[in-house]
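One chain, chain A, links the two complexes that follow: it is found with chain B in the first and with chain C in the second.
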Partner chain A sequence: MLMEAIGFYAIALFLIFFAFKTISSANPIHCACYLVLTMIGLAGVFYQLEAQFIAGVQMIVYAGAVMVLFVMVLMLFDIKTELRAFSRGLISGFLKIFSAAILAGFALGAATNSIGIVDEGPPKVMSTNVTRDLSILLYTKYLYAFEALGVMLLVVAVGVVCVSRIKGGTHAKH
Partner chain B sequence: MPSTEVFLKIGLNHYLFLSAILFSFGMIAVLMRKNVIVMLMGIELMLNAVNLSFIAFAKELGNLNGQIMVFFVMTIAAAEAGVGLALAVSVYKKYKELNIRSFEQLRG
Partner chain C sequence: MGNDVFEITVNFIKMVVIFLMMVQLVPLLVWVERRACAYMQNRFGPNRVGPLGLTQLLADAVKFITKEEFAPGNGNKFMFYAAPVIALIPATLALNAIPLSIPINVASFEWLGHTWGPYIFKFQGYDFNIGIVFVLAVSSLAAYSLLLAGYGSANKFAMYGALRASAQTISYELAMGLSLVGILLLFNTFSFSEIVTAQSGPLSFYFFGKVITVASVPNWGIIYQPVGAVLLMAAMFAETNRLPFDLPEAEGELVAGYHTEYGGIKMNMFYIGEYGHMLVASALMVIFYFGGCTIYPWLTPDTVNAWFANYGGTTASILTAFVLFAVMMAKILFFLWFFVWVRWTLPRFRYDQLMDLGWKTMLPWALGNTIVTAVVIFIMRTKW
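After this line comes the complex of A and B, so read on.
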C-alpha cells in the first residue's frame, strides 16, 4: 500500500509540474516538449490503473503522432519567444482568472463530492487479459461506432488538406 | 489511524483530483494564452484529463466500457488537432502571426 502511494504521488507531482510548465512557458516549442512529458506521465498513470493497451495507445498516438504534428506545424512558422505570452487587458484578465478559478473550484468540488459515490463492495476484479476483452468488445458491441470513426478520420483527412490549400479565402478571385 | 489512511490508500478520488487539476490547467491555457497553438495544447490537456477520469472509473467499477470510450476520445482528439492546426496554418498565411486576435479580422 505504501509503495503504491509513493508511486502515485511521484507521478502526480511529475504531471502537475509539467502541465504547469506547459501552460506557462513563453516559447511554444518548450510548451510542446513539456506537453510530451505530460502525455508520457499520463501513460504511466494509465498503466497504474491496469489499462495497459490504452497506455500504449497514449504513448503512440499522443506522445508520438499528435505531438510530432504540433512540433512540425510550429517549425513551419517563424516564431520568436512571445514577449507577452498571456493575453492583455486588466478587467478581462481578471474576469478570465475569476472564471477559471470558479470552474477549477467546480471540478475539485465535484471530485470531493464523489467520495463514496461507488459503493465499497468487494473489490471488482478486472479480467486478467484486458487487451483481449477490449478487442472483443470493440469488434462486437461497438463495431458500428468503430467503423463510423474510420469514416470520420477519412473525412477529416480530406477536409484538412482542403483547408490548408485555401489561397485567399472563399472570396478569392480565381 | 484514519488521517493517514486517506493519503495512503490510493483510490478513485485521488485520480479524480489529479484529473480535475489537469483539466483546470488546460482550461487556464485556453482562456489566458494568446498563441493559437498553445490553446490547442490546452484542449489536448483537457481531453487527457477527462480520459484519466474515464479510466479511473473503469478500474473502480471493473467495467471495460470506459476504456472503449477513451479509445474513441483519443481518435477524435487526434482529428481535432489536425483540423485546428490546418486552420492555424491558413490564418498564419494571411496575417503572419499566430495571435488569437487575428481571428477577429477575418472577412470571408
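After this line comes the complex of A and C, so read on.
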C-alpha cells in the first residue's frame, strides 16, 4: 500500500510537471516532446490501475505513433515565425489569461466534485486476464459505441484526405 | 521485484546482466558483419589485430572512447546528447521483457542462519502477462532517438534522415502489429512464456472440431502462419533501419543521415541501439514462429530435465534452464546472421518503393492474414 502510494504520487508529480511544461514552453518541438513524456506517464498511471492492456495501447498509439507524427510535422515548421505569432499582442495575451482562468475553474470544480471517487467502492473482482474481459465488454456491452467511434475515425480519415487534395500540394491534380 | 533481499538482489542482477549481454554482443556482431561483408565482396576484412581479427573491436572501442567530444554550435545541445542515450532505452527494456529460457525453480535452502524460501526465477528481467504489448509499446519509442538526433544536430541531412526514419517507422509498425495478430489468435494469449509452452509439444491442431496430433513435428508457429512470419521479418528489417530499409542513413544521398554530426562513443551508442533492436527482433521471430527455447522431439523442458535427474532439484533446474538458453541463443544468432546476410545481399529501396511496400503490399496482406486466420480458427474449433 505504501509502495503504491509512493508510485502514484511520483507518477502524478511527473505528469503534472511535464503537462505544465507542455503548455508553458514557447518552442513547439519542446512542447511536443514534453507531451510525449506526459503520455508515457499516463501509461504508467493506467498500469498502476491494473489496466495493463490500455497502458500498452496508450504507449503504442499515442506515444509511439501519433506523437511521432506530431513531432515530425512540427520539425518542418519555421519556428521563429511561430514564436512571433504566439508570443505577442493584446489578443493572444487576453486569450492566455482567459484560458488559464477557465482551466483553474475546471480544476477547482473537478476537485470539489470528485471526492466521491476517492472513497473505496465495493471490492473489485480482479480477473487474471484483463485483455479478455476488456474485449468481451467491447464486443457486447459497448459494441455500438465502439463501432460508431470506428466509423467516425474513418470519416475523419477520408475527410482529411479530401481536404489535403483540394488544391495545391504535391498530390494535386493539375 | 520480490519478497526478500535475496530475490530482489537476484532479480536486479538479472536485469543488469541482460543489458550487459546486449551491449557485449554488439562488438561481436560488428566483427561478424565486417568479416561477412568482406567475405561476400571477396576481401579479407579486419584480420590483423589478434586471432581472426577479433581484438580489432577492442582497439575500435578504445578509439571510440578517446575521440574528441564535440557538438554542433547551432544545435540543441540537450537533444543532441540525449538522443544516443535514448537509442539504448527501447531495446534494453524490450529485451528484458522477453523470456530467454524456462524459469528456474530454487528449492528452499539454509544460508547465513536463515531459511530462504523456495523461489521461481524467470529467465528474463521482468514478466508482464501482456509482454507482447509491452515489447511493441517500448519499441515504438525508438523513433524518438532518431528524431531528436536529427533535430538536435541542426543539419539538413540529419533532419532528412530523422524525417525519413519516423515516416518509415510509423508505416511499418502497423504491418508489424497486424502480422502478429494471427499468431496471438492461434495461441490465444499475450504472454511470451505461454506461447513458448504451447510450441514445445508435438504439432496438434483442430480439424473441424477434432484434435489432430502429428508426432515428431514440433508445434511451431511458422507451420500455421508462414505469411505472418514473412511479414514480421520484413517489418523488423524496416523497424531496425537495416538494409534494404536503411533510408534514414542512406550514405549515397544523406551523407550519414541522422548521425551525420555524431562521432566517437555517441555514434557507437546508436550502433548498440541498432544491434539491440536486431537482437529483440530475432528473439521475437524465434519466440513467435520457431518454438522459443525448445526444439520439440529432443530439446524440451521435460527431456532436458531428465538428463540432469541425478543432480537434484535446484541444480537440475538451473542446468536445464541454461541448456535451453543455449538453444535459444543459437536460434537468435541464426537470425542475427540472417540480418547480416540480407544487408550485404540486397540493394536499398527507393523511397516510393518503400512506402508502396509498406502501405500497399504489406498492410493489405497483414489484414488479409488476420481475417483468414480468424475465420479458419472459428470454423476449425467449432464442433461439427
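Keep in mind that, in the parts below, the second predicted complex is superposed on the first by the 127 of 174 C-alpha atoms of A that agree within 3 Å, B and C clash if a C-alpha of one lies under 4 Å from a C-alpha of the other, contacts with A are read in each partner's own complex, and residues count from 1 in each chain.
Simple rule for what comes next: a contact is a pair of C-beta atoms (placed from the backbone, for glycine too) under 8 Å apart; a residue touches a chain by one contact, two chains touch by 3 or more.
As the structure is a computational prediction, the values presented were derived from the model and not from experiment.
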Touching partner for A:V68 - first (chain B), second (chain C), both, neither: second
First, second, both or neither for A:G159, with chain B first and chain C second: first
Contacts of A:Q52 with chain B and chain C, given as first, second, both or neither: second
Partner chain in contact with A:L37 - chain B first, chain C second, else both or neither: neither
More chain A residues in contact [chain B versus chain C]: B
Interface residues of chain A shared between complexes with chain B and chain C: 53, 57, 65, 69, 76, 130
Parts of chain C lying in touch with chain A, wherever the complex brings them together: 128-130, 133-134, 136-138, 140-141, 143-144, 147-148, 150-151, 159, 162-163, 166-167, 169-170, 173, 177, 190
Contacting residues of chain A [partner chain B, same complex]: 1-2, 4-5, 8, 12, 15-16, 19-20, 22-23, 28, 31-32, 35, 38-39, 42, 45-46, 49-51, 53-54, 57-58, 61-62, 65-66, 69-70, 73-74, 76-77, 79, 82, 84-87, 93, 96-97, 99-100, 103-104, 107-108, 110-112, 114-115, 117-118, 124-126, 130, 133-134, 137-138, 142, 145, 149, 152-153, 156-157, 159-160, 163-164, 166, 168-171
Chain B residues within the chain A interface of the complex: 7-10, 12-29, 31-35, 37-38, 40-42, 44-45, 48, 51-52, 55-65, 67-68, 70-72, 74-79, 81-83, 85-90, 92, 94, 98, 100, 106-108
Sites on chain A touched by chain C in the complex: 29, 33, 36, 40, 43, 52-53, 55-57, 59-60, 63-65, 68-69, 71-72, 75-76, 128-131
